[in-house]
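Shared chain: chain A. Partners: chain B in the first complex, chain C in the second.
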Partner chain A sequence: MSGNARYVFAVARDLDVAELSGTHGFQGAAVEAVEHEKLAAVVCDVDLAEFGAEPLTRNLEDLAWVERVARTHNEVVWRVAAVSTCAPLRLVTVCADDESVRAKVDSLRAGLEDVLDRIEGRQEWSVKVLVAPRPAGETSPVAPATSGADYLRRKRQASDRRRDLSVEAEHIARDVHDLAHTHAVASRRLAPQDPRLTGRPETMVLNAAYLVEADEHEAFTAALHAAGEQHPSVTVEVEGPWPAYSFAVLE
Partner chain B sequence: MSDIDLHASATGLQPGGAGQVSLVDLLDRLLGTGVVLAGDVLISLAGVDLVEIRLKALITSVRADMARRERAEQ
Partner chain C sequence: MSERTLAPVRGGAPDRPAYGPAPSNLADVLERVLDKGIVIAGDIQVNLLDIELLTVKIRLLVVSVDKAAELGIDWWRTDPMLSSEAKDRELADENERLRARLQELEASSENGQ
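Moving on to the complex of A and B:
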């Protein structure tokens, strides 16, 4: 397969395309807007030798390629979100040409308008709750077990302690989520990230996204920082604002 | 959303900012979320969820690699 296609980053409303001048997509291609009535699809040219169906199946197995594409996608979405109301598209959406982009936007117009209404003037915040692993000394008995029964008893106690801790962490995660939700217009819980992917020793017990009014974010972050201080056994991490990725899902 | 609000980030999330967003945080948001506007190229191949499926497979294999490496180190 050869030739070019259009990679679609986002659909925006109230976008002045001049504000995106100097923004680049892949391989230095300029970012352009394909306008359709009041909406604009933000696109750039891509080479089908890289983004065509067959090369994509190979490239999607190359983590370095995925990372490069994800970061470029994110950079463009940030630029668009900074100057418009922006519904980001999922990674690697490729259309044959502008006509096809317009047809897609047209067929989804009602849903897109709903999404844009939902996220206008709002931003996404990420909240994570992490529990540090217990130091080994706290869970293993110092003196050797005096008998088989003693060994089993200690083993059971250690297991009870671990269970109590994880139950406590779950409770805290729920409290933090409830608190964040009261300051948000919508929330979405994501799967906790595996320690092997985060590269951190802590166990994640909450990984959630909140859609917060732009002028409410100080109250939101202040409430969560206070919650973190109230619960010293966990770490509460608040990151944002993100473009509203988690709330741009078409129903 | 105004320019000022988006860039008034306490944690330097924006590209080129102080803190680099981790790939796993990025993929959390770029996979399975966002508006799904299925592209021609993907549809012609295998349907709308192809990208997500392949990326899930990729992440599964990364996890398996990491687990193998951990076991080898122990």
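Moving on to the complex of A and C:
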């Protein structure tokens, strides 16, 4: 299969496409808007030799390809979100041509409008709570065990301590989530990221997304930073604002 | 959230804080672009039931199916793109095959030690 198709990054409202000039999608292709009534699908040309069904199936097995495409997709979404109300699309949405893009936007219009209403003037914030792999103090030097019973007792104590810490961390995670939620209009708990994927040794006990009013973000971040200081046994990470990926879901 | 709060600008552009740089953490990017966002069935479709995307997701998470379930990473079970009954059944079969394969691998690696 050869020729071009249209890769769709996002559906936006109140987009002035001139503000996207200089934004590039894949292979240097310019990002364009396919307008349909008040909505605009943000697209770029892609080569079917790379994004056709068969090459796509193959490419999705290539992690370097997936990473490159994911980052480009995300960067374009980022630019669009900065200048409009933007509902990001899931990775690799490819349509034959602009007519097809318009028809799909039209068929989903009511749902898309609902999503855009939900996220307008709001942004996504990420909050993570991480626990260090070993608690401070456990590394202090200890005299060798004097007997087998002593050894077992120490093992049991260490295991109890670990269990208490993990229970404590779960409680803190819940408190942090509840606190963040009170400053947000919606929240979504995501699966904790595996340390092998994040490359970090800590255990993630909370990974959540919050939809926050743009003019409430200072109160949101201030509350979470205070929570982080209140709980020195964990790290509270607040990142954002991000485009509202986690809340751009068709009902 | 009181005195610092700005009144929303009615009829004008919403008050948007500038977006910072996109996250560099690949996990943050992938969990959003692969698992969140609007799903529109494009004209070019990869058959997820050939588990291409599914395996990519699992491999990106660098966890086995069993380990992922244990960690509460079970989005593929609720993914709307995969949720019709027939698809579920195929997925279940696929999972079963993956599990069987995993057990084989685990068994062989234990034997090898």
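Definition applied: the second predicted complex is superposed on the first by the 245 of 251 C-alpha atoms of A that agree within 3 Å, B and C clash if a C-alpha of one lies under 4 Å from a C-alpha of the other, contacts with A are read in each partner's own complex, and residues count from 1 in each chain.
The definition used in the following text is that contacts are C-beta pairs under 8 Å (C-beta built on N, C-alpha and C of every residue); 3 or more make two chains touch, one makes a residue touch a chain.
Everything numeric in this text was worked out from a predicted model, so none of it was measured.
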When chain B and chain C are modelled together on chain A, clash or fit: clash
Which superposed partner A:Arg13 touches (first chain B, second chain C, both, neither): neither
Which superposed partner A:His183 touches (first chain B, second chain C, both, neither): second
Chain B versus chain C as contact partner of A:Val94, first or second or both or neither: both
Contacts of A:Arg118 with chain B and chain C, given as first, second, both or neither: neither
Contacts of A:His36 with chain B and chain C, given as first, second, both or neither: neither
Partner chain(s) touched by A:Glu67 [first = chain B, second = chain C, both, neither]: both
Partner chain in contact with A:Val249 - chain B first, chain C second, else both or neither: both
Partner chain in contact with A:Gly52 - chain B first, chain C second, else both or neither: both
Which superposed partner A:Pro192 touches (first chain B, second chain C, both, neither): second
On chain A, the residue positions that both chain B and chain C contact, one per complex: 5, 8, 10-11, 48, 51-53, 56-57, 60-61, 63, 66-67, 70-71, 73-75, 78, 81-82, 85, 87-96, 100, 104-105, 108, 112, 115, 120-121, 123, 126, 190, 193-194, 196-198, 214, 217, 239-243, 245-246, 248-250
Chain A partner contacts - residues on chain C that touch it in the complex: 1-2, 4-8, 13-20, 22-23, 25-47, 50, 52-53, 55-56, 59-63, 71-75
Residues on chain B engaged by chain A in the complex (per definition of touch): 1-3, 5-11, 13-16, 21-42, 44-45, 51-52, 54-55, 57-59, 61-63, 66-67, 70
Residues of chain A that touch chain C when the two form their complex: 5, 8, 10-11, 14, 48, 51-53, 56-57, 60-61, 63, 66-67, 70-71, 73-75, 78, 81-82, 85, 87-96, 100, 104-105, 108, 112, 115, 120-121, 123, 126, 183, 190-194, 196-198, 213-220, 239-243, 245-246, 248-250
Chain B-touching residues of chain A, taken from the complex the two chains share: 5, 8, 10-11, 48, 51-54, 56-57, 60-61, 63, 66-67, 70-71, 73-75, 78, 81-96, 100, 104-105, 108, 111-112, 115, 120-124, 126, 190, 193-194, 196-198, 207, 209, 214, 217, 221, 238-243, 245-246, 248-250
